[in-house]
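These notes open a run of structures that come right after.
First chain A sits with chain B, and in the next complex the same chain sits with chain C.
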Partner chain A sequence: MQAGGLAFQQAPPLAVPLRFFLTAPVFLFLAGLLLFTPGAAGWQRGSPAILAAVHLVTLGFLAMTMMGAFLQLLAVVAGAPAARPRLLAGLVHGPLAAGTLLLAAGFWLSRSWPFYPALALLAAAVATFVLAAAASLVRAARNATVLAMAAAIFALAVTLALGLALGATHIGWGGLRGFVATVDLHAAWGLLGWVFVLVAGVAYQVVPMFQLTPAYPRWLTRSLVPVLMTGLLALSWARRDGRAWPQGAAALVLAVCLLVFALATLDLQRRRRRRVSDVTLDYWRVGMVSLAAAGLLGLFGTAGAPGHRLPALLGILFLYGFAVSVASGMLYKILPFLAWFHLQSQLQAPAGSIPNMKAFLPEPRARRQFVVHVAALGLLLLSALLPGPWRYLAAAGVCASALLLAANLWGVWRLFRAQGGRSN
Partner chain B sequence: MVDARWLEPPEPMQRVLHALETRAGGQRLRLLIHREPYPLYDLLDARGIEWRRRALADGCYEVLIGGQVRGA
Partner chain C sequence: MQSFLNYLSADHRRCDELFADAEAAVRRRDWASSAGKFQAFRSAMLHHLDMEENVLFPAFEARTGHAGGPTRVMCNEHVQMRDLLASMADSLAAADEADYAGLAETLLWLMQQHNVKEEQILYPMSDQMLADARSGLIERMAAVAPAL
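Then we have the complex of A and B:
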């Protein structure tokens, strides 16, 4: 393995990431459905429908796609493929999918019984993934992306531990002190430590590679993740002890990290070498603008700005505007690339005898889905600010966008199969 | 000669594969590219085609493919 680059000899079979990628949009669709329900009105973050929808997005869509991509990255970026990838994918994917559905059901129905199997399944899936990923990363080449992957795995483990403690308290087991503080920390470790850090680490590789930009500056790739992780540890210490000013300082550092990364990425994209239209690039831009906006709102929040709508706007911007956008954009790049690459390798095909990468996912179809996604994002933001029919339109937009995404991804797989590709 | 500098993946690989099939009599191919094409090395190895690469002063790479070159 050559550090700093990508190598494919040890890439897992296509079936390993594929099962994660093809099922993820289903959960996004279900989250959209929940936004139609009366419980979602008002965007209260503790309301059953919102809690269910948020976990469908974070576990069902984001963790699902990120874990699938992570297994691929372990091989091609870290040079340390997970052992027995098919078995691992099975042990993680099934329990993650079932656990997410049960957890969402438990929240939405406000019943205790689904939490028991949900917590057991999610603990099994995430712990298996964390242990397998950690065992691989120990053997990995050292570069900024690998260090970010390791930090993200650590954050995922913390998120799981906090989530299990919250879940157990929710159904009446044990008495967790500082429930609200733990909810905040669970969200902070999950969204910033796991989602943001992994996206940043992956961006160091894929933004220059696929968007033909200059490399990220060294000061950024060296310092961003360590500073952010230090901020998260400081926030955890301050929040648990209820210390006001260290909490504000830590939150400030975290918001600045989001802003710096978003602005640096937008600047690189502005300086890209080839100015061709590309849906993935546009998805990343929407993601970075949303991330910068979330960072700015976070700054206002730490400055004590009033506004009960702030948490809803922050959540929509970070989850749907940033994370779902970037994950969707990456799916549009990763899946056609893998389909083309595996077909090429399997068939040893002469040039021109198999479809090129763009034929696996025609640009107009991807573009149509992107437009619906951006419209859904706008409607979600409007619905958090204004009463009225906006929430229903936003819910319809999220559902339509998820269905189109699913159709596009399944289309890649269908063409792969039709060309004689084997996913195992 | 294939100049694949600043082309989006996997176009450089597609161009190389096309050039390999259309070259005359096992002629050696020279590829210029803006980053190391690791996936291409795998495909060349799988097909038993020898290659050698050299980093250029401007940060790009030159890869010599086929003919009598040894893998680097």
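Then we have the complex of A and C:
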């Protein structure tokens, strides 16, 4: 136990996570808009509109919410809050938002000039975050969640490095050998190493505690992240050298990791003690079913199943079905709780005399947005399989869902301020 | 040998279960049984808070010489929990299911993020720092009078 554990009272001020959470839905909305454009037809993963949309989701929505939540987790789960959280949030948030918009513009317009500032801003934002998180984690309590957080931070650093190399090559700086292999590895480290590992680490705490389920089995929390990271390292080595069978074996291991985690989580949730209906629980279930489906498709993919639609389906299931669902479900709890918690301590009012979590975010509003999100997911999958008007409907669904999410989250903030809360 | 971590974490789980039972009864609008279930939950919670505030925290503060540290934050959150429990009792008396549901959700989040901090940090730290006095302190906690 480190002396740093003594600092666990210093949860960051509300302004720190708030700016990340309130801006994230805007990027999801922009990604939805891009799906209307002709460039998104056919779901080619190298097409400018799809590249732009994918980065709006991964950097603008997912990294944005995950970094905001990460700063909170450092204080609560790791007992090691980041130093100077306000300054850190400012140094990360602004450059991340601006860099993401420029990167998406560069992809979509197929112009080089936005890449220069985009790469510089994203490098600054992500590197600052990685270093600050690593500095905190060094003095953190040791548990499976903290280990997963550290692995996720390492994967984020690898994703950034590969992304910068790709971006530089894209605009004609230096020649990266094995461009296509590097694209695959950039995606694998970002999606599996950063997004999936962090979600798994958070799930170890959140799923049992808030849905009152049994704990994850020990063999799972001990082995999942180490096995997955080993799989990623093996994949990187095999992919760079172009070795066929080790690549297949590594991909198989990764797909099995997703499947095992998704099924274990669904099983725990089936055995939950708290039986009340809950939008966040439903978001987790949609996320886990999507993740299991992505894992299964991945298995077919490694078995050499044909299908040019496979990458699009995998991407939709993983990004929108799994990651966006889980992040949205968590935002629906974290933000109202923080609003309540900070308002109570600022006003020193009796805890029952201020709006409670469900008054900050009424369940019917969350439910409405959830239904639109699930419809959008269904439409996205249809549009990847069938030609026709599905893509426009899917785009409209993504936009509507993002707008409702923004309205719900901004509603929390409005009520917080109306009640006399200060975010600084 | 029994540790603070095992002893108090098990008590957290017991409170969780009583919480879920009371919440389910209120959601069913089964007012006859919800009063008793809520009472069982509340007295388990208050007993747990008393064990910490009357036995563990003073010993921890004496050993670390640090009364303004983590135990003060824990105590502040205990005050918030007691307030929420009082409001939940009011909503139950008024048969206001929606109000109870919102308060219960808030209490669950407050309680669980509080428990993470205790189980990941404060209890393991207490087990280390108070190793020599541990069994006596646990006996004293077990003897804390049940809360009404």
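Methods note: the second predicted complex is superposed on the first by the 415 of 424 C-alpha atoms of A that agree within 3 Å, B and C clash if a C-alpha of one lies under 4 Å from a C-alpha of the other, contacts with A are read in each partner's own complex, and residues count from 1 in each chain.
By definition in this document, contacts are C-beta pairs under 8 Å (C-beta built on N, C-alpha and C of every residue); 3 or more make two chains touch, one makes a residue touch a chain.
On a predicted model such as this, the values are computed, not experimentally measured, just so you know.
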Could you tell me if A:Gly352 is touching chain B, chain C, both of them or neither one (first, second, both, neither)?
-> both
With the two complexes superposed on chain A, say which partner A:Thr159 touches: chain B (first), chain C (second), both, or neither.
-> neither
Between chain B (first) and chain C (second), which, if any, makes contact with A:Ala141: first, second, both or neither?
-> second
Between chain B (first) and chain C (second), which, if any, makes contact with A:Phe337: first, second, both or neither?
-> both
Tell me which partner A:Gly79 touches in the superposition: chain B (first), chain C (second), both or neither.
-> second
Which superposed partner A:Ser47 touches (first chain B, second chain C, both, neither) | neither
For A:Met209, is the partner it touches chain B (first), chain C (second), both, or none of the two (neither)?
-> both
Comparison of chain B and chain C by chain A residues contacted | C
If you stack the two complexes on chain A, which partner ends up touching A:Arg274: first (chain B), second (chain C), both, or neither?
-> both
Overlap the chain B and chain C contact sets on chain A and report the shared residues.
-> 5-6, 8-9, 209-210, 212, 273-274, 276, 337, 340-341, 344-345, 350-352, 356-357
Listed in rising order, chain A residues that touch chain B in their complex are 2, 5-9, 208-210, 212, 273-274, 276, 278, 337, 340-341, 344-345, 348, 350-352, 356-357
Can you list the chain B residues touching chain A in their complex?
-> 6-10, 13-14, 17-18, 20-21, 34-36, 38-39, 41-43, 45-47
Touch list for chain C against partner chain A, complex = 16-17, 19-20, 23-24, 27, 66, 69-70, 72-73, 76, 79-81, 83-84, 86-88, 90, 98-99, 101-103, 105-106, 108-110, 112-113, 115-117, 120-122, 124-125, 128
Inside the complex, what are the residues of chain A that reach chain C?
-> 1, 5-6, 8-9, 76-79, 141, 143, 205, 209-210, 212, 273-276, 333, 337, 340-341, 344-345, 350-353, 356-359
